[in-house]
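Listed below are the structures to be examined.
What follows is a pair of complexes built around chain A, which joins chain B in one and chain C in the other.
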Partner chain A sequence: MISKVISGNEAVALGVKLSRVKVIAIYPITPQTYIIEELAAMRDKGELDAEVIRVESEHSAMAAVYGAASAGVRVYTATASQGLLYMHEMIWWVAGSRIPIVMTVGTRAVGAPWNIWNEHTDFMSERDSGWLMAFASTPQEALDLTIQAFKISEDERVFLPMMVGMDGFILSHTKTRVYIPSQEEVDSFLPSRKQPYVLDPEDPVDIGNMFQPIDYMKLRHSMHLAILNSKEVIREIGKEYEKKVVPVGSYSSLNESYKLDDAEYAIVSMGAWSLDAMQVVDELRNMGVKIGLYRIRYIRPWDEEDIKRKLGDKDGILVFDRSVSFGRGGHLYLELKATLPDVNIKGIVTGLGGVAIGKDVISSLTRKFIEGKTSDEWFYPSEVEKVELRNPRYIK
Partner chain B sequence: MSLNYQFFPVSRPSEGGGGKTGNWRIVRPVVNLNKCIGCKACFLWCPENTIIPTDGKVSINYEYCKGCGVCSNVCPVKAISMVSEND
Partner chain C sequence: MSLGIRDILNKPRLLPGTSACPGCPENIALKSISMALGENAVFIVVAGCSSIIQGMGPKSTYNYPVLNIAFAAGPAAAAGMAKAFKMRNKDIKPVVWAGDGGTADIGFASLSGAAERNDNILYICVDNEAYMNTGGHRSGSTPFGARTASTPGGKKENKKDLPLIMMAHHIPYVATASVGYLHDLMEKVKKARSIEGFTYIQVLTPDPYGWMFDPSKTAEVGKLAVQTCYWPLIEYENGKLTISQESMHCLDKRTRKPIEEFLKIQGRYKGVSQEVVKGLEEYIEKMWERIKSIYEGKVIL
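Showing the complex of A and B:
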């Protein structure tokens, strides 16, 4: 293991290389482009023994890795924003076919209007597709979760694809110190891929062909159960990763708690700004407020039992969402409210389209919440100039 | 943890009872076994699953073959020729 100052994108590319991926489909979209450029450069230098397929769209990128994974090799691709939406159809095909695949999503706002900055709505819009979904909060975690994702996704108890989210720009382009495991360490953790069925001319099978209604429903039920059972698999694999690969993170639980045990209030968040929230917790603790942080790392599976255990007795919970389901609120807020219907939970949608939300904003919103003064469910820091509307014109 | 819950969308390809060709085929593929190199390109491309890999070569299930000629077109060594049913 060595440590280096690298960006989130570089960390992910190294994780992919160390996982001995055999086929990579590449298509550029900001902010993940840098990952696939790194991988293509590694291939060019002979450091990476993989087929790199240049495709003409994200839909094709997912189709290409779907085909290769069906033939039994370890595959990888990355996307973001419009690209993720463009591959939406193939994302469902992969999950429904029970094909393990790992993909990084460098989260970014979705058009219209054009906006290349950070937001989680693209990632959250794939919540119901049958993929396992983890979200990193540091470049280190992006690397660690990528390597773990291959093992989790290929586990016989799971057999579902997995995407790892990472805040666009905030993590993807920011350099920080990352511990990089050696090839031997990753090899001792990650075995070669095994699959119960593969596309093989010697023993032909049809994958994802026409299903009668009852079989279709049974398949959907099996996917649901596989996601529920993946919680145990994730904890087990996380512990093994800590032991064999990088002993710097904590992966024995799906989500992370910070100073929650004696807390009366809690902040819930996901992604990079959770570290700001962690500092806010420290700051408020110094002021005598009993508060803690619950950081969501896995959206799917959703660790309902742990959330009930850790947050069920709190006086108030403030959820920070960087994504929105229009007309309803933030995704995390909705999930939390469904898990803890009787707890005082408030959700704030903020930080969309790259609106910068730092420690001070999180701190002031949290203090307002604790004082019972929060009324808004949306927050953006300054006045927005309204676009003057024309008088309606009638088309003759 | 028992794996009884696992279920996959996989099935084995097989001949359909309603898919028999009958007597309307105009041309049929004939394999020249001396030329055949056993690459299985015809097997991979046949839309009716009528090519049977046998002993490193291929044979054809004429009961289901529609005579479309795809196998003949994809054969890299031109080992499959399309012959009139009347010959």
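Showing the complex of A and C:
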């Protein structure tokens, strides 16, 4: 293991290389582009024993890795924003075929209007597709989760694809110190690929043909069970990763708790700003407020039991969402409300389209919440009156 | 390349009990093509009649590995697959099986991308000139004047010239075929299989239901299309265009069978005006002028 100051994108590219991926489909979209450029460069220099396909769209990127994966090799691709939405159809196709695949999403706002900055709406829009969905909060975690994702996705209790999200620019482009495991360490952790269906003329299988309603539904149910089973798998694999690969970070649980045991209040968040939230917790603790943080690392599977155990007894929970289901609120908020219907939970949607949210904003919103001064407004900042549509006109 | 009888009598590739309509041209094409391909075949089936013809999962009437896939994704999936087989040291050239809608319309970007990259795949477009599996709607490959569910008054535009568009991608091999001439089709498939890189074959598959003719006449309609020169049988290899034996007579306008013979057998052209007939004649004339100029080396693609 060595340590280097690198960006989230570089960290992910190294994770992919160390996972001995065989086919990579690449198509550029900001802010993940550097990952695939890096992989193409590694391949050019002969450091990466993989075929790189320069496809003509994200729809084709997912189709290409799907085709390669069904032919029996480990594959990878990355995308963001519009690209992820453009892939949407193939994302479902892969999950329904129970084919293991790993993808990175460098999260970014979705148009219109154009916006290249960070938010989580692109990522959250794939919540129901049957993929496992982890979200990193540091470049280190992005690397670690990428390597783990191959093993989780290829576990026979799971056999579903997995995407790893990371905040666009905030993590993808910011350099921090990252511990990079050695090839031997990763090899000892990640065995060669396993998958349920392989296309081979010796043993012909037919993937994805027409199914009767009852068989189709059985398959859908099996995906549901696989997502539930994956919780145990993730914990097991996380522990094994800690033992065999890298001693920094803890992966023995799906989500992370910080100072929650004796807390009366809790902040819930996902992604890079969770680290700011951690500082806010420390700051408020110094002021005598008993508060902790629950950081969501896995949106799918959703660790319902752990959330109930850790958050069920709190006096108040404030959820920070960087994505929104219009007219309903943030996605994490809705999930938490469904998990803990009787707890006092309040959700804030903020940071959309890259609105800068620092420690101070998180701190002041949290304080307001604890003082019971939050209004019913979901959005921060709440400036909707400033969006002026033009005068309507009748069209002849 | 000649095709001996021993080459094709291998184990059946299409098992009994497909859910195809009687007289289905895709069934005929699939059977011949898969026999010509031999043992090392893997198919990618793009949304269309062939997604249904294989029957209800988990069983299948296709006796080789098949990856069924969404409409626009065939060529990209095949590209990925070709690379995967290469990494596994397997001599398999994936075959994309797509209809004319999947090829001319929704899948066109993916097709063009794979062709431009010269991915090692065999793309077969089974051209029944409409979205037959979805109720017979017009596609970019529906010919002028044909009535479809979405052009009840007859299509206003000409057929998209896919084989020429594919030639303009400078891929190693482009061919056309018809289910009226299976031997020719199988030879072309065998040849395309043996060539490294992107190979494209467009097979005219007259559809008894969409074209409205008696299901016993599929092969006959396929022959008439060629004899009237509505459908050319050509091959394009390494920049050189050749005209297959069955289409040689089309070079001379006087030896072409009248287009009416092809039209009158089909319900989709029933009672059309002389204008439509003239429009189709013009289309044929222009198409053959183009083919001729490439054939004679006057136009270099």
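Operating definition for what follows: the second predicted complex is superposed on the first by the 381 of 396 C-alpha atoms of A that agree within 3 Å, B and C clash if a C-alpha of one lies under 4 Å from a C-alpha of the other, contacts with A are read in each partner's own complex, and residues count from 1 in each chain.
By definition in this document, a contact is a pair of C-beta atoms (placed from the backbone, for glycine too) under 8 Å apart; a residue touches a chain by one contact, two chains touch by 3 or more.
Predicted, not measured: the structure shown is a model, and the values here were computed from it.
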When chain B and chain C are modelled together on chain A, clash or fit: clash
Which of chain B and chain C A:Asp206 touches, first, second, both or neither: both
Touching partner for A:Val55 - first (chain B), second (chain C), both, neither: second
Which of chain B and chain C A:Ser323 touches, first, second, both or neither: neither
First (chain B), second (chain C), both or neither touched by A:Thr121: neither
Per-residue contact with chain A, leading partner among chain C and chain B: C
Touching partner for A:Trp93 - first (chain B), second (chain C), both, neither: second
Partner chain(s) touched by A:Ser129 [first = chain B, second = chain C, both, neither]: neither
Touching partner for A:Ala63 - first (chain B), second (chain C), both, neither: second
Partner chain(s) touched by A:Lys22 [first = chain B, second = chain C, both, neither]: second
First (chain B), second (chain C), both or neither touched by A:Val75: second
Candidates 110-118, 128-136, 146-154 or 182-190 of chain C: the single one with C-alpha clashes against chain B: 182-190
Residues of chain A at both interfaces, chain B in one complex, chain C in the other: 201, 204-209, 211
Sites on chain B touched by chain A in the complex: 1, 3, 5-13, 40, 43-44, 49, 53
Contact set on chain A toward chain B in their complex: 96-98, 156-157, 159, 196-197, 201, 204-209, 211, 218-219, 221-222, 225-226, 229, 232
Chain C partner contacts - residues on chain A that touch it in the complex: 22-23, 25, 50-51, 53-57, 59-73, 75, 89-90, 93, 199-201, 203-212, 215
Contacting residues of chain C [partner chain A, same complex]: 39-42, 44, 51-52, 54-58, 60, 62-70, 72-81, 83-88, 90, 92, 94, 109-110, 112-113, 116-117, 119
